[in-house]
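One structure is given below, encoded as structure tokens.
Per-chain residue numbering starts at 1, and chain names A, B, C and D are given in the order in which the chains are listed.
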Amino acid sequence: MDEKETGRLEAFSDGVFAVAITLLVLNIRIPGLDTPGKLLSDKDLWPVLLGEWPMLAAYTTSFTTIGIMWLNHHRLFVHIRHTDTILLLLNLLLLLTIVFIPVPTALLAEYFVRPDLHAAAIVYTGTCLGMACCFNGLWRYASYHNRLLGKNANPHAVNAISRQYLFGPLTYLITFGLAWVNTPASIIVSFILALFFALPSHSLDLLASSSASADSTEVSPADRAGTAGGSEG
Amino acid sequence: MDEKETGRLEAFSDGVFAVAITLLVLNIRIPGLDTPGKLLSDKDLWPVLLGEWPMLAAYTTSFTTIGIMWLNHHRLFVHIRHTDTILLLLNLLLLLTIVFIPVPTALLAEYFVRPDLHAAAIVYTGTCLGMACCFNGLWRYASYHNRLLGKNANPHAVNAISRQYLFGPLTYLITFGLAWVNTPASIIVSFILALFFALPSHSLDLLASSSASADSTEVSPADRAGTAGGSEG
Amino acid sequence: MDEKETGRLEAFSDGVFAVAITLLVLNIRIPGLDTPGKLLSDKDLWPVLLGEWPMLAAYTTSFTTIGIMWLNHHRLFVHIRHTDTILLLLNLLLLLTIVFIPVPTALLAEYFVRPDLHAAAIVYTGTCLGMACCFNGLWRYASYHNRLLGKNANPHAVNAISRQYLFGPLTYLITFGLAWVNTPASIIVSFILALFFALPSHSLDLLASSSASADSTEVSPADRAGTAGGSEG
Amino acid sequence: MDEKETGRLEAFSDGVFAVAITLLVLNIRIPGLDTPGKLLSDKDLWPVLLGEWPMLAAYTTSFTTIGIMWLNHHRLFVHIRHTDTILLLLNLLLLLTIVFIPVPTALLAEYFVRPDLHAAAIVYTGTCLGMACCFNGLWRYASYHNRLLGKNANPHAVNAISRQYLFGPLTYLITFGLAWVNTPASIIVSFILALFFALPSHSLDLLASSSASADSTEVSPADRAGTAGGSEG
């Protein structure tokens, strides 16, 4: 009765994540391929290759960001087991922002060297803010009164995610505001936030409530599987 | 005996939907990446970024359209549980029109500002008409005498979809005709239609037959799962 | 014990098919998008749109060809249930030729109007020949002494596929030879062959051995499922 | 209790592999498509087609390399059945290097004709070294004290993989060093290494320890399934 209904939603989302994560590699140019026959000497090729660094940086940043978003998506759908039309639409909205990420990331990687320019950082942090709102909306909708969660979803794990997600839009709003004033600060805060969301909610929970550790001594294996974040029931 | 046979058809379709839905993001240019080293000041970059709006609009429209089509595909294959060669071929024909959608959508987004020009709207509504016919053909073929549906497919849910799909090709034919006369009207009707097909057939059913509500008071959980549209058995 | 081991091979292949089938849509240009602001009048836009027909034809042909190849792949893996390293390598070789198909197809669509030119048809039929050999190799390897087939694989269905595949490489070799002499004839034979492989082996079997019909009157449901080609156990 | 938790990780990875493996086919140009109407005669078309050979070689090499990497990934995840956040992050790092492979491969294919130039070979072998380290890290992390392996993972098969992977980074480090001195030698060693990792660990094991053959006479069917490398439990 509590069969997983989200199979196709996950398969479709995985496909979209997979395409989005590889997009920026298309922008890395292979020197000389467009002018076959004219090969560069080592001395000339190295500078050309090293001149590709902004696109390499953009590719790596975008890959990392989308990778962490996939990790979060995966983590939510460990608990979400049912679907309805609104969840499918919220998921599509989330994917819309995720596929868009390579664009502001490439822009940011390029303008990173000029801390006095704000446009790139504003577009980037704005996209992150939108994405954080989508993730929150999806999770709030699904977890509200356990609407679409599994019957034996671990309430500790569910609450840990809800607590972790509480700060998402607010902190991204702050980085968005910061981008208008201080570009480097807003970017550094963005990366710390990405790291924060890459960590499982369980480990953050431990950090935050180390005083209430009496509770966590009696974690059952099922509980552990749930909070480990990466596990799939 | 009533095992789901459509697993690979769905996986392949999900992959095609995933690639098609991300295609238009490739058309959004990142200013300055092709001319590295020459960075624009904020004052100059904003107009360049805002000048990208037709491609952004095209990306969003195309994403929404294909997303809703995926939702419909998902909804049909909750009930379709068997496959044969003709269903596979009809599904391929449907995917052919879906992968094509980004092309007329980008054209439409661009020519949207000129209501006196008809070509873009004609190509767009024509593609929608073709897609509606493919969806109808697929569903009629599969649901005819429950040919490829599951054994315990809910007849209410099946009939609700059949009723919703009855109007598809006809209304799209009207928007197609309208495109030759009045471009803005045809586009507005197209978007209302997309919204109409995004809604689950069940809720439409409720709207349409609110008088026959005596029937729907005894909806069993299984029935609800079936008509919710987004659920997957 | 006879659990399906080919899940990941099929998922990966589906992904590759999905990307390959959408590739040629990237070549269809949207007029005016590269020169924003400069919109064409209806009178000027129609010829530009109609001028895209070679790429539209290439997209449709390539989509159809790869779609039929997916159908065949699907049909073989109804019966193949086990994997080993050699099968995985043969499958990769097959995917290598399938991803390549859009290239000769686009070339063929372009040179179709010039029946006196042979190069495009030679490259196209050569690719088809390679693909037919890969499909044959894969099937011969897997079906040899039921090496990788399921325990209760239907011998009738397996033999029907083997018979259908027997003519593949030979007939494609003939079309390849024909391409050097008579371009239109070789293309027409190619399309008839594609149609032939789109049909399930069962129906061909019926056509071929209508005299031995006494046998097929006692087809069990399991047998039917197997020979229907599109079914997945 | 020992249920496979890695389903979504594998589905997402398959998607990324599928996109990466098709990327280089996008670089193969179809002569004349950009200048419609101007068709070349056979005499002129053949040299143009044959002039595409560096991109064809790059496509084939990159497809083979990524295909073999997929095979290895598949082989590891026969045994890995659980996930945690660190495994997901290590897998993302591995995918980052795999999506990047088409870039140095295309560069290498182009500069292959000039054995006196080292840059391309250095970038290529450097990427291979990074990939070998990622594969090793992933496997060491998962197999350490059977951390994420299935309960009844075959210790022989697990050890065989560990032994095979022991030499990976070291030998790739040697080819990387060789690339600075002797380009052709480093490329040849790279291809032999790729072949080495395409072979199942079991067969290598047999080659290496043919003296200790007394052990392998009592291989159980379960053991065989595990070491066959391509099987999926």
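Quick notes
Note that a residue touches a chain if its C-beta (ideal position, glycine included) is under 8 Å from a C-beta of that chain, and two chains touch if they have at least 3 such contacts.
Here the structure is a predicted model, which is why all the values come from computation and not from measurement.
Listed here as common contacts of subunit A and subunit B: C, D. Path length between subunit B and subunit C in the chain contact graph, taken as the least number of steps between touching chains: 1.
Of the pairs listed in B-C, B-D or A-C, the one whose interface repeats that of A-B, with over half of its contact pairs matching by residue number, is B-C. Between A-D and B-D, more contacting C-beta pairs join the chains of A-D. Two copies of one chain, subunit C and subunit D, touch each other, and the residues they use overlap weakly: the shared fraction of interface numbers falls below half. With centres defined by CA atoms alone, the chain at the far end from subunit B is D.
Between subunit B and subunit D the centroid-to-centroid distance comes to 38 Å (mean Cα coordinates, whole Å).
Distance from the subunit A centre to the subunit D centre is 27 Å, each centre being the mean of its Cα atoms.
In subunit B, the residues touching two or more other chains are 11, 14-15, 18-19, 26.
Residues 10-11, 14-15, 17-19, 21-22, 25-26, 28, 30-33, 36, 39, 41-42, 45-46, 49, 59-60, 63-64, 67, 70-71, 74, 77, 198-200, 228-233 of subunit D are the ones that touch subunit C when the two sit in their complex. Of all the residues in subunit C, the ones that touch subunit A in their complex are 15, 18.
Across the interface of their complex, subunit A is touched by residues 3, 5-9, 11-12, 14-16, 18-20, 23, 26-27, 51, 54-55, 82-85, 87-89, 92, 95-96, 99-100, 102-103, 106-107, 110-111, 113-114, 117-120, 123 of subunit D.
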